[in-house]
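Both complexes below contain chain A, partnered by chain B and then by chain C.
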Partner chain A sequence: MATVSSATTGRALARPAVARPRRKWIEIALFVAPAIALYVMFLIVPVVQAVHYSFYSWTGLGPLSNFIGLHNYREAFGDRFFRQAMEHNAILAGLSIGLQLPLALGVALLLNRPLRGRRIFRLIFFAPYVLSEAVTAVLFLQILQPGGLVDAALRSVGLGGLVQLWLADLRLVFYTLFVVITWKYIGFAIILLLAGLQGVPSELHEAAAMDGASSWETLRYVTIPLLGPTIRIWVFLSVIGSIQLFDLVWIMTLGGPAGASSTMATYMVDQGVNSYRIGYATAVATILFGLCFVISMLYQVFVLRRDSGTGTARMAG
Partner chain B sequence: MRTSPFADAPVYFVAIALSAVVLVPIAYVVLSGFRTTGQIANKPVAFPHPWVIHNYAKVITSGSFWRQIGNSVIVATIATSLVVGVSALAAYPLSRLQFRGREAIYTFFTFGLLFPVAVAALPLYLLLRQFGLLESLLGVALPEAAFGIPITIIILRPFMRSIPVELEDAAAMDGCGRFGFFWRILLPLSRPALVTVIVLSVVTSWNNYILPFLVLNDPNHWTLPLGVASYSGVHSADSAGILAFTTLSMVPALLFFMAAERRIVGGLSGAVKG
Partner chain C sequence: MKIWKLLALVAVICVGVTALTSSAGLAAGQGKTKGVTLVWWHNANQGAGLQLWKNVASEFQKKHPGVTVKVVPFQNEALKTKIPISLQSSSPPDVFQEWGGGQLVDQVKAHKVANLTKYVKSWIKNIGGSAAGWQVNGQQYGIPYNVGVVGFWYNKDLFAKAGISSPPTTWPDFLSDVAKLKTAGIAPIAIGGKDKWPDAFYWDYLAVKLCSKTVIQQSAVSYNFTNPCWLQAGNYVQQLLDAKPFNEGFLATPAQQGATSSAGLVANGKAAMELQGHWNPGVMQPLTPDNKIPAFLGWFPFPNVPGSKALPGSLLGGGDGFACSIKAPEPTCAQFLAYIDSMSVQRRIGSTNFGLPVLKGSESSVKDPNLKAVLASRSSSPFVQLYLDIAYSAAIGQALDDAVANEFAGQATPQQVLTQITDAAKQK
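And then the complex of A and B:
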C-alpha cells in the first residue's frame, strides 16, 4: 500500500523548475483558494452571522438595532416548547442508539455470509436512504391515514385493536415518526455494518473457535470490538442526524399537533419563518450548532481517539 | 456442515422479511396510483382493478412536474460541478504537498461536517437576500456546494494520496508543472473517487428540502421535493393524485441509485473503513 512516506522524500529530489518557495506557495494558494472562498462565504459566514444575529431582537426586515444580549437564549431555555423539542431530539438520538443499532447489528451479523441474491438485497435495503425525506414523508402520510395501509394491514391479521391515530395522537405521533425514520435509515446502518464486518477476517473466528470460544463469546470478544470503529462512526452520524432532523417532521406533522412531534429544527424554522423572529430563531440555531459542536468534541476526545486519531480529520481518514 | 442450505433458511427469511418491509410501502404507493381516489377511500388496500392511468397521466402532462425536475437537475448540476471542482483542486495540495498549515487547513474544512445545513439555513436566507440571490437556483446551489466541500475533500484526500509519487516526479522531469500534473495525471487516476463524490453530491442536492424551501417561494422555481410536499398539502383530498405524484418523484432517484449503487455503497463503506 503505497507511498505515503515517499511524499516526503519527494521533496528531497531536485526539481529546480518548481522548487522556489514563493512560487510553490502561490501555486498551493491558487489550488486551495476556490474551496476556501466558497466554504467561508457560504458556510462559515452564515454560521458566524447566525451567532451575531442571535443577540438581537430582529424580524429580518429593517435595521439590526435592537441589541438584547443573551435574552434570546434565556427565553429559549425557558420556553417549554423549545425544551420539549430538545427532549424529542434527545429521545430520538437515544432510541437510535438503543433500538436501531442493535437491530441493524443483528441483521448485519445474520446476513454476513455468502447469500444468493446478496446484491439485490443490498439494493433493496439501501433504497429508502436514497429517497428524499420529502418523498418518504408524503408516502407515509398516505399510508398512516386512518383506514390506510397500516390500519388495513393490522386489521387483516386480526390486530385491529391496535389501530390508533398514528399521526394525530399526541402521545404516539413522535414514536410514529421514529418508526418512519427507522424505515428510512436502517438499511444504511445495516449496509454500513456489513461493510465493517467484511473487514473482520474469518481466520479470527476460526482461531477463536479453536480456542474453545462459543459463538456468543466470539461475537462479544472478537467481532463486536473489531466492528468498533464502524459502530462509532454510525453512532456519530446518527446523533448529529437526530439533532438536525427537519424535512420529514416538517412535512408530516409540522411538529404538531401542538408541538408533540417537534424537533429543534422545526421549532427554529417555525419561529423564524412563521413568527418572523429571526433573532430568536438564530439563537436556537446557535444552540443547535453548539450542541453539535460539543457532542463532536466530546465524542472525539472520549470515543474516537481510541481508534487512533486526532480529531474529526482523522476520524474520516 | 455449516453450509447446509437449511441452516441458511432463517437468514433468508429475515432478509426477505426485511425486504418486504421496505418494498411494501413503495409497492402500495406505486400501485394505488393506478386507482381512483374514490376507490381508495372505499377500500384503501386493494389491487387496481380497472387500471386507471389518469392520475399518472395528469402528472406526466403537467408542466409543473417537469419544471420541478428541471430545476432540481439544474441545481444538482451546478452544485456538483462546483463542489467537486473546488474540492479536487484543494485536495491535491492537501494530500500530496508538504507545506506549513496543511493540516490546519484540512481540519478547518472538516469542521464543516459539524454544521448540518439546517443550522445555517436561516442566516443563509438572509445572506442570499443581501446578494440578491433569493428565488435563484444559483442561490440554492452555492450553499449546497459549500456544505459538500468537507465530505468531498475527506473522501478525495486519501485516494489522491495513494497515487505513487513516481508519477509526480516523472511529470516534473517532463517539465509538467503542478497544475499539469493535477489535470493530466491526478484527476484521471482519481476517477473512481471522483465518481463517488459526484454521486453523493447529486443525491444530497436532489433531496435537499430545507434550503430550497426557504429560498424558493415562486412555484415556478421549486425543486422536486418542494413540489411533492406542496402537492400533498394542496391536494390533500386527492389521494390517488398524491400517490401518483409521489411515485413519479421516486423514479429519478431510484433510477440514478440503481445505476450508481456500487459507488454510493462503496464510497460510504470506504469512508468508514478509511
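And then the complex of A and C:
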C-alpha cells in the first residue's frame, strides 16, 4: 500500500495540480473496488442475510414464509444445551487466560535467556502451531483412545491408576480438549511473548539491577509492564479464538458425549446441518457474531486504545 | 496514460468474468435445447457401486438415443448437505439420492420433487413393501433400489467361547447371553456412541418390538408418544445400559472410522457383536489387517420381546433410492429409475455385494451367506419400519438421536427422552 501511494504522488507532481485530487480518488477507487466488492459480497451480504433468516422458521427448503420474529433467539437462550455450550466457551476463555498465559510467559522467559539449544526449544514449542486443527485432532484422537499412547505411557511408569476415559468421561472430556488446545496454541503465545521480550530495552534491566531490584522485582515491575501491549493483544486473540472454537472439537468429539464438550459453533452446525433448522442455526450464528463483535469493540475501546501506535507496531515487528 | 490502462484492465476483467459466468450458464442450459440430459447425483463414489452406476448410465444412453446421462458421484456426507441447497436453487440435479421418510415429506411439501406415481404404476408392485418408505400420502415420489434391515453382526468364535450355542431370539435370552459374554471376559457389544444414530437403533428397535404397527406408523405423522410402549422402550434401553454391555469408552467411539471404531472392534475380535445395518460387512472389510470380511462373522435379527403388542419378526430398516427433481424431464427420469429397478441391474446390485436388491426374483443374486440371512429376514418380515430418525422430519429425527444419546450418557431418563422428542416436534 505504501509503495502505491508514494508512486502516485511522484507521478502526480509532474501533472497540473488541479486534476490531482479527483484523479487520485478515481485511482484509489479502482484499486479498492475489487476488494470492497469481495468484502461486501462474501462478508457483509451473508451477515445481513443470516440476520434476516434468523427471524424465520426455515428448513432451507422452500420460500421464507414462516416469520416468527425473535422466537429463535428466545429458544436459543432458553435451551439448556445452548447455554451449556456458551458456558464451555466462557470457561475456555477463562482457562486460556488463567493457565495458558502464565505458562507461555514462563516458557518465553526461559527461552529468552542465553540457553544452549535455545533455537531447538523454540522450534519444538512452535511446531504444534503449524499443524492444522484437523491434523491435531486426528492425532490426539489416536493418542487418547482407551489403551492408546497416553494410557500406555501412564501404565508403563506405574501410574495406571490415573488412566481415564479421556474423551468418554462427561466430567473430563472438555478439559482433555483444553489440554490439546493448549498443546496446539501455546507455541503462538510463546513466540508473541518472545517477540515482545526482544523489545524490552536491556538498559532498563541494568538500571533495575543497579537499583538493587531482585530478579522477581525486575520481572514484576519492569518486564511484565513492558510486555503489556503483547499480552493484551494475545488475550484478545485468545478470547476470540475460544469463542469460535470448532474444528478440533467437531473432529474429536462432535461436541459430545451428551453435549459435554460442545461449543457454540458445534451447536450451530448440529442444528443447521444435521437438523436442517437453518433459521434457528442462523439465529445462533448471529448471536455468535454479535458476541464476537461486541467483545472486539469493547476491547478495542477500553483496552487496546492505550497501546495505540507503539504497542501494535512492536507486535507486528 | 496509466489511468486509462487501468480502466482498460478493469474492463477486460469485467468482460472476462461475465463471459465465464455466462458460458457456465450456457453449459447448464444446454440440456434443454439438445435432446434430453439427466444430471444424476449419487453417493456411490467408490468400489462396485461407482462402476455399476457408470455402466447403468451408458447402457441407458444406448437404449434411449438422444438421452445423455451425466453421472456425478459424491461422498455421502457431502451429498447430504448439497442436496437441500441445490433443490433450493434454480438448477437442481434431475436425479438425486433419496432416503425417504420425513426428509422426503419436507421436500414434497416444498414442491421440489416430481410425483412419479403415474409412470411407475405398472411395475411398482414388483418391489413389494419396500416402495412404501418412498411414498407421501400414497403417492410415489422416490424409488428404492437397495433396502436392508438392521440386525446384530456377531463373532461366532467369541459366542462359542462364552458357551452360547445359538444366537438369542428373545430379549431375556439376549440379556442372559450378554451376561455370559461378560463372565467370559469378552466385551459383549460394540457401539459407536459418538455418532449418536447407533444409540438410536436400540431405542427404535425396542419401540418396534414393543409398540403395535399402528402406533409406530402414526408416530411419524402425529408425533404423539403418549402410548406407554414408548416409555417402555426407553426403560428396556435403560435395562440394557444397566447391564454395562458396551465397549470401554463407547460414548466417544465412532461407528465406522478406523480399527477402534465399533465396526473395527468387532472386525478385529475385540467385541462380540454390534447392532448395525446391512452395510456393515463393507464397513468392516477395510478395517481388518488382511482387508477381508472376517470369517467368524455371523448375523442374527434383533430379538423379539415376548408378550408385546408388536408382530413378532417386525424389523427396523431402510435403504437407498432415487427421486426426480421438479425440473427433471419426468417421463425420461421415471424410465431411468425403472431401469435401475430392472432385473438386470437389480441382480448386479446383489451379485457385486453393493446392496440388497428390492425386485422380486432378484434375491438369488445375493451370494454372501450373511447378506442372504438379512435378505431372508427382510422378505419374511410382516412389517419393516424405516429408521425412526429418517422416518421423522429431520429436526425431530435429530432430536431423537440426541435424546437417546443423552440416555446412553446417563444424562436423560426414558421420560426425558420422550419429552425432548415431543418438544422438538412442537417447534416444528
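In this text, the second predicted complex is superposed on the first by the 289 of 317 C-alpha atoms of A that agree within 3 Å, B and C clash if a C-alpha of one lies under 4 Å from a C-alpha of the other, contacts with A are read in each partner's own complex, and residues count from 1 in each chain.
To be clear about the criterion, a residue touches a chain if its C-beta (ideal position, glycine included) is under 8 Å from a C-beta of that chain, and two chains touch if they have at least 3 such contacts.
This structure is a prediction, so every number in the text was calculated from the model and none was measured.
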Query raised in the report: With chain A superposed, do chain B and chain C clash or fit?
Result: clash
Query raised in the report: Which holds for A:256: it touches chain B only (first), chain C only (second), both, or neither?
Result: second
Requested in this report: For A:247, select first, second, both or neither according to whether it touches chain B, chain C, the two together, or no partner.
Outcome: first
Requested in this report: Give one of first, second, both or neither to describe whether A:27 is in contact with chain B, with chain C, with both, or with none.
Outcome: both
Query raised in the report: Touching A:274, do we find chain B (first), chain C (second), both, or neither?
Result: second
Query raised in the report: According to the contact criterion defined above, which of chain B and chain C contacts more residues of chain A?
Result: B
Query raised in the report: Who does A:173 touch here: chain B (first), chain C (second), both, or neither?
Result: second
Query raised in the report: Which holds for A:152: it touches chain B only (first), chain C only (second), both, or neither?
Result: first
Report task. Mind working out whether A:75 is in touch with chain B, chain C, both or neither, as first, second, both or neither? Result -> second
Query - chain B versus chain C as contact partner of A:66, first or second or both or neither - result: neither
Query raised in the report: Can you list the residues of chain A that touch chain B in one structure and chain C in the other?
Result: 11, 27, 60, 145, 147, 273
**Report entry** chain B partner contacts - residues on chain A that touch it in the complex
**Finding:** 1-4, 6-11, 13, 15, 17-18, 24-25, 27-28, 31-32, 34-36, 38-39, 41-43, 45-47, 49-50, 53, 60, 107, 110-111, 113, 115, 121-128, 130-135, 137-143, 145, 147-149, 151-153, 156, 183, 187-188, 191-192, 195-196, 198-199, 229-230, 233, 240-241, 243-244, 246-247, 250-251, 265, 268-269, 272-273, 278, 281-282, 285, 288-289, 292-293, 296, 311-313, 316-317
Report summary line: The chain C residues in contact with chain A across the complex are 2-3, 6-7, 10, 81, 84-85, 87-88, 103, 106-107, 109-112, 193-196, 248-253, 260, 394-395, 398-399, 405-406, 408-412, 427
Query - chain B - residues contacting chain A, complex - result: 8, 10-12, 14-15, 18-19, 21-26, 28-29, 32, 44-45, 82, 85-87, 89-90, 92-94, 96-99, 103, 105-107, 109-124, 126-127, 142-143, 145-147, 149, 151, 153-154, 157-158, 161-166, 168-169, 172, 175, 177-179, 182, 203, 206-210, 214, 224-226, 228-229, 231-232, 239, 242-243, 246, 249-250, 253-254, 256-258, 261, 264-265, 268-269, 271-274
Report summary line: Per the touch rule, the chain A residues reaching chain C in their complex are 11, 23, 26-27, 30, 33, 57, 59-62, 75, 145-147, 165, 167-168, 170, 173, 253-254, 256-260, 270, 273-277
